[in-house]
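Heads up, the next two complexes both have subunit A, just with different partners, subunit B and then subunit C.
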Partner chain A sequence: MNPLWIVQTLAVLRLELRKTFFSKRGFWIYLLALAPVVLFTGHSLLEMKNHRVCDFGQDTNIFATVFQIFFIRLGVFFGCVGIFMNLFRGEVLDKSLHYYFLAPIRREVLLVGKFLAGLLATIVIFTSSAMLQFIGMYLHHGWNVVSDYLGSGNGLSHLIAYLGVTVLACIGYGSVFLASGVAFRNPLIPAGVILVWESINSFLPAILQKFSVIYYLKSLCPIQIDPHAGSFFSLLSINADPMPAYIAVPGLILLAVAVLVLASFQVRRMEINYATE
Partner chain B sequence: MPANDRVVFENVSKFYGDVLGVNKVNLSIPPGITSLVGPNGSGKTTLMNLMSGLIRPSRGRITVLGIRTDQPDELFRYLGYCTQFDSFPKGFTGYQFVYSYLRLYGCAHGEAEELTWKAIERVGMMDAARRKIAGYSKGMRQRIKLAQSTCHGPSVLVLDEPLNGLDPLVRAETIALFRTLAEDGMHIIISSHILHEVDAISDQVILLSNGYVVAEGKIAGVRSEMQDHPMQILIRCNRPQELAAKVFAQESVVEAQIHKDGLGLLVKTRDANRFYLMLNHIAQNGVSIESVAPADDDVNSVYDYLIGSEEPQK
Partner chain C sequence: MAVYKRSYRAYSGRLTPEWSRFYILTRYALGNLFRSKFLTAAFVMCFFGPLVCMVGIYLNHNASVLALLHTRADQIINVNGKFFLGFLGMQGGLAFFLTAFIGPNTIAPDLANGALPLYFCRSFSRAEYVLGKLCALFYLLSLITWVPGLILFGIESNLSGVAWMWENRSLASGIFLGSVIWILMISLIAMALSAWVKWRIAAGAMVLGVMFFLSGFGAAVNGVLRSNIGHYMTPGSLITRVCADLFGVETPIEISVWSAWVGLLVMCGLCVLLLSRKVRAFEVVR
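Presenting the complex of A and B:
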C-alpha cells in the first residue's frame, strides 16, 4: 500500500499530464522544440541533394553553438516559461484552481505533482527534440561515419551529455518558472528579468554566476564554444570557471529544490480570489 | 476524529486591501441546516470561503469541527464545498469531475468509481455523466458540483447558492436531500437569495449586512428579540370586529386590522406571551377562534426589518 502522498501525487500527475501535453495554449512550445530539428534536417537534406558532405568537426561545433545559444537559452527556456508558469497561473486564469484547493491534499504535494507533470512533459518534448536534432545534423554524413562517431568516438557520450543537459535545463528552469507563476500575477515580467539575468551571466562576478541555471548547464555541455572565435555568441558562452560535473549536477538539483521549497511556502499562503485577477 | 461538532469563528475579520469583507464575526454553528442570508456584498461568500480555507482571515481564528482551515489535508476529509464558481477543469465529463476529485482524496480506482456513481445517482445525473460538462445546462452544472462536494461523505457541507438554476422539481428534490443529510447529523451551511426556501429548510439563520453579522439563531428566537417591531399575529375567527374591540382594550396591543377576507384579525403586539394568555380568556367568552399564528416570524420578515432597506430580496 503506497503512502497517501504518493497516491495523491500520482493523481495530480494524471490530471496535469493531459493538460500539459495537449493544451492548445502550449502549441507553440512544440514549434519551438521542432525549429532546430527542421534547421538541422533541412541542412542535411540540402547537402545530400547537392551531393556534398560538410566537415564533421565544423558540424559538431555548429551543433554545440545552436544547442547552447538557441536550444537551451531560448527553446527550453521559453518552453519552460509556457508550461511551468501556467501550472498555477493558468488555472487561476481559467478559474479552476479551487478544484485542487478543495481536495484534502497538502499544497506541497499539489506543487510536487504539478512540477513532476511539467517536468515529464518538457523532458519528453525537449529530449526528443535534442535527439532528432542530433540525427538531423549528421544525417548527410552517412551511417558508417555516424556509427564510428557514436561507437568509437565521443559521439555517444556527447549525445548523452546533451540529453542530460536538456533534462537538467528542464529541472532548473522548470523550478524557477513554477515559483514565478505562483508568486507573480504577470509572468512576463519575471520571465524577462530571468532571461536578462541568464544572458548576462558570463559578465557577472563569479559568485553571482552561481545563482543561475545557465552557469551549471554551460559547465556540463560536452563541447565548449571557442571564446576566441570573436562572435557575440562566443562571448555569451564564456565560462571562465566551469564547474565539474560532480558539483554542477547536484548543484543544479539543489538550486531547483531550494526554489521549490520557497514556492511551497507561497502556495501554502495562496488564496483563491478570482475577482481580482 | 473531529475534536468537536461546531464550525467556530472567533473574532474573524477579512479585508481585501482596503475593502471590508467581513468584520468581527463570532459564530458557533451547530449541526443542522444553517442559512446565510444577506444582500449582495454582505459577506456570505466571504464567510464560506473563509471556513473552507480558500481565503485566510486578516484577523481571528476559524475552526471546522476543531480543525484549522489552513490544513486542507485534514479539513477536506470532513468538509465539502459546492462553490459559486461556475468553471471546471477543461474537457472533463461529469463523471471525470467527481472521479478525479476522489482520486485526489486518495481513493483507489474501484472505490472512487463506486463512490462517483453513488454521488451522481444521488443528484439524478446518471444519463448525463459521460457527457462533457461544457455542454451542461446551468442546473446540471449545479448538480454535478453538488455530487462532487458530497461524494466523499463530508460531515460539513457548505453550499453557495446551491439552488440557483435548478428547475422546481429538482429544487424540491435537492431540498429534500439537504433535509435527509441534516437529519443524519450533517452540518449544512447554505447561502441563498430565495427567502421562502431558506425559511422552509433552515434550522437556524445567520443574517449578514455590510460584512457584519446582524442576527443569528432560530428565526423565532431572532424575531422575538426585535423589540422595535411589534409581533404580528393573525387570528382566524368568526367575528373579527368583536374580537378587535376586545383586544384593543389590551395595553400591549398597538394595532389591529380586520383581514381583507373578513375572516380574521391581524394584531400587532409588544408582548406576544401576554397576548396569547389574554386570547385564551377571550376564546372562553363567545368568540370562536379557528387558528392563531405569528405572521412575521419568518426569514422574510426578519430580513425586511433588519436589512430590508438596503436591497430588496424576494
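Presenting the complex of A and C:
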C-alpha cells in the first residue's frame, strides 16, 4: 500500500473525529446510547434504596433481551444511521464536500478515512454504553456476587461477547449506512427499508436471513432469548439456525468490506450538485 | 415619457372567507406532495390491503365460492372487531411510514428558508398555519385509514344486511375515532420534529427513530422494571389499547383505557407545545 494513503487516511480521520464527536447535530446519539444506561442504573438504585435484590438469572436474561432487542436493533442501528449517513450527506448539505474533492487525495482514501472516523466514534460511544449498562444492571447485586460471576462464572466471557457484538454491529451497520449516504440523495429510504428488512429477519427463509447484519449478530450473542418469555419483540430474536462464531465474524467483516468496495466505486463517480439538495 | 400619478387602490375582488383561509395552505401543501414519484407509488401501494380485504369480504358472501370451498359465510373471514383492529393496524403502520416521508416536508422548508414571516404578515394566525399544514396530512392519511375502513364496513353491511350494520355500529365509530386519533398523533409528532429539526431528511429519520425508539424503550422499561409503565411512552401501545376498547377486543396491554387516552392526549399536547415554541413570525439565531 502506498504510504501516502495511510498518511492521508489518518489526516481525514483526525479531521472527521473532531466533527463526529463534538458536532451539535450528533448530540442525540449520546442520548440514544445513554438511555439504557439510565434505565439499568435507575433500576439498580431503586432496588438498593428499597433494600431488595432481584433474581440474578432473571436479570441476566433481561439484560440479554434488552441488549438484542433494544440496544443493537434500535440504539446502535439509529446511532449508525446518524453518524455514517452524515459523513457524506451532511457535507453535501453543509456545502463543504467540494473542499475534500478538490484536495489531492483519492476518493477511496477519503471514504476509508471517513469510515474509520465514524467507526471509531460509534465503537467508543456504544461499547462504553454497553459496559456501563452491564455495570448498571448488576450494581445492586453487590461486588461479591458480581466478581464471582465475572471470575468463576461465565460473566467475563459474556461481557466480552456483548462488547464484541457491539463492535461488529458498528462495522456492519456503519458500512451499510455509509454506502447508503453515498448512493442515495435521501438516505431515509434505504434506512427505512433496512430497518424493515432487519426487523422481519426472523421470519425470512434461511437463505435470505444471511443477507442481513442482525442474523450474524444474533448468532454471536451469548444468551439466546426465549421467544415465549416476553412481549412481541421477543419473537424478533428467534434464531433457528445460528451461525458459528468462526463463520459469523469473518462473514460480517467480509460483508462490510464488500459494501465499502461498492461504495468506493460509487464515490469515484459522485458529482456534487448542491443546488439539487 | 410621461409619468402619471398612480395612487394606491385596495384589492376589490372577492375575499376568501376568514374561516377557510387555512385551507389555502392545505391546497398548496397537497399540490407539492405528489411531486415525488416514490411517494406517489408508496401512496398507491397503501390501497393494496383494503383491496384484498374488499375482495375477501365479497368472496365471503359469494355463494359459488362458498359452495366450492364447502364453507359457510363468515368462515373465510369473520368481519368483526378483530378484523377491523387488524385492518387499522396494517393501514396505521403504512400511514406512519408515509408520514415519516411526508411530515418533514411540511414545516422544515418554511423554517429553513425563513418563510414564516411571509406567511404571518398575511392574515394568518399561527394556529391557522399549523391547522393548514395538519389538514394536508389528515386528508392524505384519511384516504388510507378510515375512508377504506368505512367502505369495508359499508360493503359488509350491504352484504350482511341492515341488522348486522345496526348490531355493529360501534365498529364504524371505532374505525373513525381510532383512525382520527392515530392520524392526529403521528401528524403532530412529524410536524413538531419537522419544526425542531430543520434538515428535512434528519427530521424524517427522527420520526422513524422516535417511534421505533419509544416502542423499544417502552418494552425495555417494562422488562427491567417489571411493570407496565413502558406502555405509556409507546404510542403504538396506547393507540392499540384505545382501539381495542373501541372495537371490544381483548389486548395484552394491561393499562386502563382512560389512562391510555390521557397518554395519547399528553403526547399530542406536548407536540403542540413544541410547535408553538418554534412556529413564530421571527427567530432569534445565536
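The rule is simple: the second predicted complex is superposed on the first by the 272 of 277 C-alpha atoms of A that agree within 3 Å, B and C clash if a C-alpha of one lies under 4 Å from a C-alpha of the other, contacts with A are read in each partner's own complex, and residues count from 1 in each chain.
The rule we apply is simple: contacts are C-beta pairs under 8 Å (C-beta built on N, C-alpha and C of every residue); 3 or more make two chains touch, one makes a residue touch a chain.
Everything numeric here is computed off the predicted structure, so don't read it as measured data.
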* When subunit B and subunit C are modelled together on subunit A, clash or fit -> fit
* Asked: Touch check for A:H51: first (subunit B), second (subunit C), both, or neither?
  -> neither
* To do: Report for A:R89: first if it touches subunit B alone, second if subunit C alone, otherwise both or neither.
  => second
* To do: Go through the superposed model and pick first if A:H43 touches only subunit B, second if only subunit C, both, or neither.
  => second
* Who does A:K19 touch here: subunit B (first), subunit C (second), both, or neither? -> first
* **Distance of closest approach, subunit C and subunit B, by C-alpha atoms in Å** => 13
* Name the residues of subunit A shared by its contacts with subunit B and its contacts with subunit C. => none
* To do: Spell out the residues on subunit A that touch subunit C in their complex, using ranges where they run on.
  => 25, 32, 35-36, 39-40, 43, 46, 62, 65-66, 69-70, 73-75, 78, 81-82, 85, 89, 93, 186-189, 191-192, 195, 230-231, 233
* Asked: Can you list the subunit C residues touching subunit A in their complex?
  -> 38, 97, 100-101, 199, 201-202, 204-205, 208-209, 212-213, 216-217, 219-225, 252
* What part of subunit A is in contact with subunit B in the complex they form? -> 4, 7-8, 11-12, 14-15, 18-19, 94-96, 98-107, 109, 268-269, 271-274, 276
* Structure fact -> Counting only contacts in the complex, subunit B reaches subunit A at residues 16, 49, 52-56, 70, 72-77, 80-81, 83, 85, 87-91, 100-101, 103-106, 108, 149, 152
